[in-house]
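Two complexes come next, and they have one chain in common, subunit A, joined by subunit B in the first and subunit C in the second.
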Partner chain A sequence: MTETQPKVLVVDDAATVRMYHSTLLTEAGFEIHEAANGLEAVEAALGTAFDLFVVDVNMPKMNGYTCVETLRSETVGTPAPVIMISTEDRPGDADRAYAAGANLYLVKPVVPARLVRISRMLTGRGVAA
Partner chain B sequence: MNPLLAQFLAEAADLLTQVDEGLLQLERTPGDPELVNEVFRAAHTFKGSSGLFDFPELTKLTHAAEDLLDAVRAGELPLDSGMTDDLLATFDLIRGWLAYVTTEERLPSTAGADAASLIVRLRAPIGGEVVREAPTLSGPQAGDVAPAWLAYFDEEWLAETAAWLRTTSSQMRFIRYAPDSGCFFRAEDPLHLIRQVPALDRLNVIEPVEWPEAADYDEYACLVAFVCATRAGMGEIQYLFRYVVDQFELVDLDGDAIQRYLSGEIEIEVEPESGTAEKQDQKPSSSTDPALLADARAVLAASLKALALNPTNTCHLISLAKAITYAAHAFGDPVEIQEPDVVTLTATVTRLLGDTAEAVEDPVRTVVPLVAADEAPAAERRADDPGGQVGSRILKVDQEKVDHLMELVGELNVAKNGLTFLAGAAEEEFGSRALARRIKDQYSGLHRIAEELQASVMDIRMLPLSVAFSRFPRLVRDLSRRLGKNIELVLEGEDTMADKDVIEALADPLVHLVRNSLDHGIETSDERLASGKPTTARITLTAVADGDAVIVEIADDGRGVDPARVRRKAYEKGLISEEELETLSDVDAVDLVFRPGFSTAEQISDLSGRGVGMDAVRASVEKLGGTVTMRSELGIGTSTRLRLPLSMAVTQVMVVSVAGQRFGIPVDLVVETVRVPVDEMNRVLHQDVVVLRGEVIPVLDLARALDMPWIPDDNRDRAILIANVGGQRVGLLVEQFHREVDVILKPMEGLLAYADEFSGTALLGDGLVLLVLNMKEVLGLAARVG
Partner chain C sequence: MGLVRRNAEPEPQTMGPGDLLAQLDDPDPDRRREAALGLEAESAVEVLLDRVATEDEPRVRDAMLTTLAAHDTDAVAAGLAVHLASDDAGLRTGVAEALASMPESVPAIIPRLLEDPDHDVRVMAAMVLADLQHPEATTWLTVMIKDDPHPNVVASAIDALLPSLGPEHTELLERAVRRFPDDPFLRFTVEAALR
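Entry: the complex of A and B
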């Protein structure tokens, strides 16, 4: 494989869910970094240019919405796509995600193949020739 | 166990502890929003992770608890003790389930019934049953069209299953896995995969319609397929089959769907022939893949929404431009976006969505924004520099690994000690003092490293006492309620560290002592009022480090131990003589409670009277090489003090020899060593005794007790080791005393496991194995030999 692996930051406070998403994406050829809450995610994004963020909503220290807002703010200023994945599916949740700067809002748990497909698409892998 | 489940169980244990601790703290500081939030979050995280597995009862129950906590968090209702009870009971039940899951990898069959009443109770304060189900892994929904390959299952079994699924309103997952015929060359192992399917209920192998002729038979081609039925969760199955997504099908059917299939009511899905199943993996630009098209549309629809809701953030706009470009690629309709402004983007998305409107049902309602663009310079992308490490820096290590490391350190010590013998040999056998000195130099360097290594490995094993204390808030709370006593528990010095073996071994004695305090020590509220005490009693658990020991004290402000009553009781039980009844000091009298066969409680209560008394506590503490003492003041309170070694890893033993064999005796037990001229030995009633400073001490012949032939030399003074065993002084006749050594004791194993007279073995520096005596048993043996 000559192309560099896209870097993905998986942000979730639940270690099991983190492992689930990380395993799927690692096997799909992504380089995975992990963060256990929004604050860690922001710290990580300050040091590394990620190609994709997979962010949980409900987390301690800094929740997903604030995290994504910060990623998009001048502090971090990342233009990388953000997928938010939440356990909640209440009306308005998706809107909050999009207002914060997410590119796609999905409800947990996500079918593995779908997560991989979308991650590939949003990083330009497996779509563009 | 699959690693995901193992991870879940480990995480669950932590979360459950957080919930428990939080709930108990909340009782003390009700309404603390920070605490409520913490508990809620732990429950929420737990629910999120549990959703990955097929534990519907678990997810449902956690969901109910989470909803209740959510209402508390939102300030809709205060948390009362009834709710706390229900919540604690919920998480207790869950803890039990998880223990079951750990061994069986599924929930106990009673889970549904056990959870039902709790769910009703949890939901009662927030307006009863709510239909807001936790989302399960999406994909084919229950009641889906039954696939044609259901025919591979036995109809009778299907009918039975359908009936059973209906009564339990649950679902069954059906899998068809048709491995690619060339799977062998892709290192796929279909058989292994199928074997890993959890909770497998039925498995059928589908053979090809016609097997090829022997001459044409290719033994590397996989020609069979599998169908199976399982209760495992969608998430687990998808995870398991993640490498072969294009070779397997999964449907989730409920009883009704199967029934409909059986009665032929529904149309059966027609599918292409299995052998030619198309591969749709990493191939780029598969614009015909309907799933990819649907995802691309979802991204576009989401982009439209995002454009409307957040049209000004430059970074966001760039990211949307990217996403839109990629999605367009997926449609096979590449677009180029020069200026990522909101108007251009909106127009592009609207066009793309319009062009492909017929392709797939729109998953998200589209909103066309009417907001003007706000142009801002594009943010520069951050340079790629090595990212900082993220996540916890704590390493969880298997206990066995640390134990093994400790063993190796022990062996290293032994090997290291071998060098001193080598140095001796160099000088004596080869006459090279220079070589001997060089070996000794090497030795001292090695010695320093080995000591540091040992210290750091022991440090890894150190745990805070809070591990042992953590169960008490709950225990005290529950027991005090049952007893109708008001008790406040105070924990102090929880940060004190001790070896994990000590902490673990401390658990049972501590529980016993605390129970004892609760049950016997603390008076009822009425009694307390009558004696002018505050109605709320107090139990304090304190831990402090004291040199190489840790001291744990359990103190209560209860009624105290009545020495007079203890003396009388001990006399009635025949534990003390009439003379002692008169003369025993109050302090010594209190100590009588540790004697075997003593129990002051008139009635055996179901709390502490479980057949083990304080004697068991003393025995187990002494086994750890510790001591236990009790101080009590009548009417004021009782405190029991346990003194334990910080670490059990290294034992100091005194080496003695008898009949040419060397044995070790734990130094804690050794009082002194004496040499007594033969004619000063006495005999009283068939028992050898020696009189030391006016005290008559029985002397036992170690050689005889161990059945070893040895006759002491009458021309030499007798070597007698005075030991303190179970509070009594005993002399042990040995041949010779040697030095004291630090050893790492290994328990007796295998064929020698029955040899109770030894507490373990240790390797000495010269390679000899030292047997360390278990003095209590040796005394028993000596008494039997006579």
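Entry: the complex of A and C
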């Protein structure tokens, strides 16, 4: 039996970051979709049931915190886990991420194996190694 | 954030700057937004700079930033740049977008931003330079890649430089990887950029 690949939406305005996270997670067996800002992410989430969101903080048009709040709001209402990843490591950044509805806050750069391990754990899927 | 399109300006009205300043206190966000878009006079700059950090309605703040960015003066650039260090992600990214649309005044503050002790501010400076229409923008990004001591800043500068990258940047990028040999993201970024 072929198991469905977990769908992950990678949200970042930086093309290289999207490519980096997408490559890591594709190689780990996830199905990757991309969005360049929070607005695109919300639009994508309205049309697709993602299993995981990987969201940057500093983005034009809609920042990551607002994006996650919208994903959790009645507008989208997704229960899927959210990992926020940012260059910001000021005191309180993680608290703001959790208040917005994120499940985990990581500071860039993220160690590849850690991102894969956490993504597998949060999706609870038997992703091929 | 999103700077407001000019065709989204309010209908012409006869209110003076004093009335519009008073309207910034209106409890209705649409009224505050209308006031912010109408306050084009130079005399309103100081008030808008004061209020942009405390306005908590994103569409009103975007309107303030749009009006301020249209001035493109040294005072506005300096007044907005301090918010690149804000704890409010919406404010700092909105300010970065506004500064990127101010090619007359922002170049003067770039050297200071590149020397800011807070690496998060320097990351935001790369975000500004990514969209700043100025002939020196590429040079500043190159300096960041060459000299900045923080790998996240270097990676942000590389991403901002992507549309302008050419063979002449190969050595610069390879040197960046050598400066941060333990950073897998930077290595990936450079390899992707060189493809």
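Please note the rule applied: the second predicted complex is superposed on the first by the 124 of 129 C-alpha atoms of A that agree within 3 Å, B and C clash if a C-alpha of one lies under 4 Å from a C-alpha of the other, contacts with A are read in each partner's own complex, and residues count from 1 in each chain.
Convention: a contact is a pair of C-beta atoms (placed from the backbone, for glycine too) under 8 Å apart; a residue touches a chain by one contact, two chains touch by 3 or more.
Note that the structure is predicted; figures quoted are calculated from it, not measured.
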| item | value |
| --- | --- |
| Comparing the two partners subunit B and subunit C, which touches a greater set of residues in subunit A | B |
| Partner chain in contact with A:K108 - subunit B first, subunit C second, else both or neither | both |
| Touching partner for A:N63 - first (subunit B), second (subunit C), both, neither | second |
| First, second, both or neither for A:T75, with subunit B first and subunit C second | neither |
| Touching partner for A:G47 - first (subunit B), second (subunit C), both, neither | first |
| First, second, both or neither for A:T87, with subunit B first and subunit C second | both |
| Touching both subunit B and subunit C, residues of subunit A | 14-17, 19-20, 23, 58, 60, 87, 89, 108-112 |
| Contacting residues of subunit A [partner subunit C, same complex] | 14-17, 19-20, 23, 57-66, 87-90, 92-93, 96, 108-112 |
| Partner subunit A, residues of subunit C touching it in the complex | 1-2, 58, 87, 89-90, 92-93, 96-97, 119-120, 123-124, 127, 151-152, 155-156, 158-159, 162, 183-186, 188-189, 192-193 |
| Contact set on subunit A toward subunit B in their complex | 9, 13-17, 19-20, 23-24, 27, 33-36, 40-41, 43-44, 46-49, 56, 58, 60, 71-74, 76-82, 87, 89, 94-95, 98-105, 107-114, 117-118, 121-129 |
| Residues on subunit B engaged by subunit A in the complex (per definition of touch) | 3-4, 7-8, 10-11, 41, 44-49, 51-52, 134-139, 235, 238-239, 242-243, 245, 282-286, 291-292, 295-296, 298-299, 302-303, 305-306, 308-310, 313-316, 318-320, 322-323, 326-327, 329-330, 364, 378-388, 390-392 |
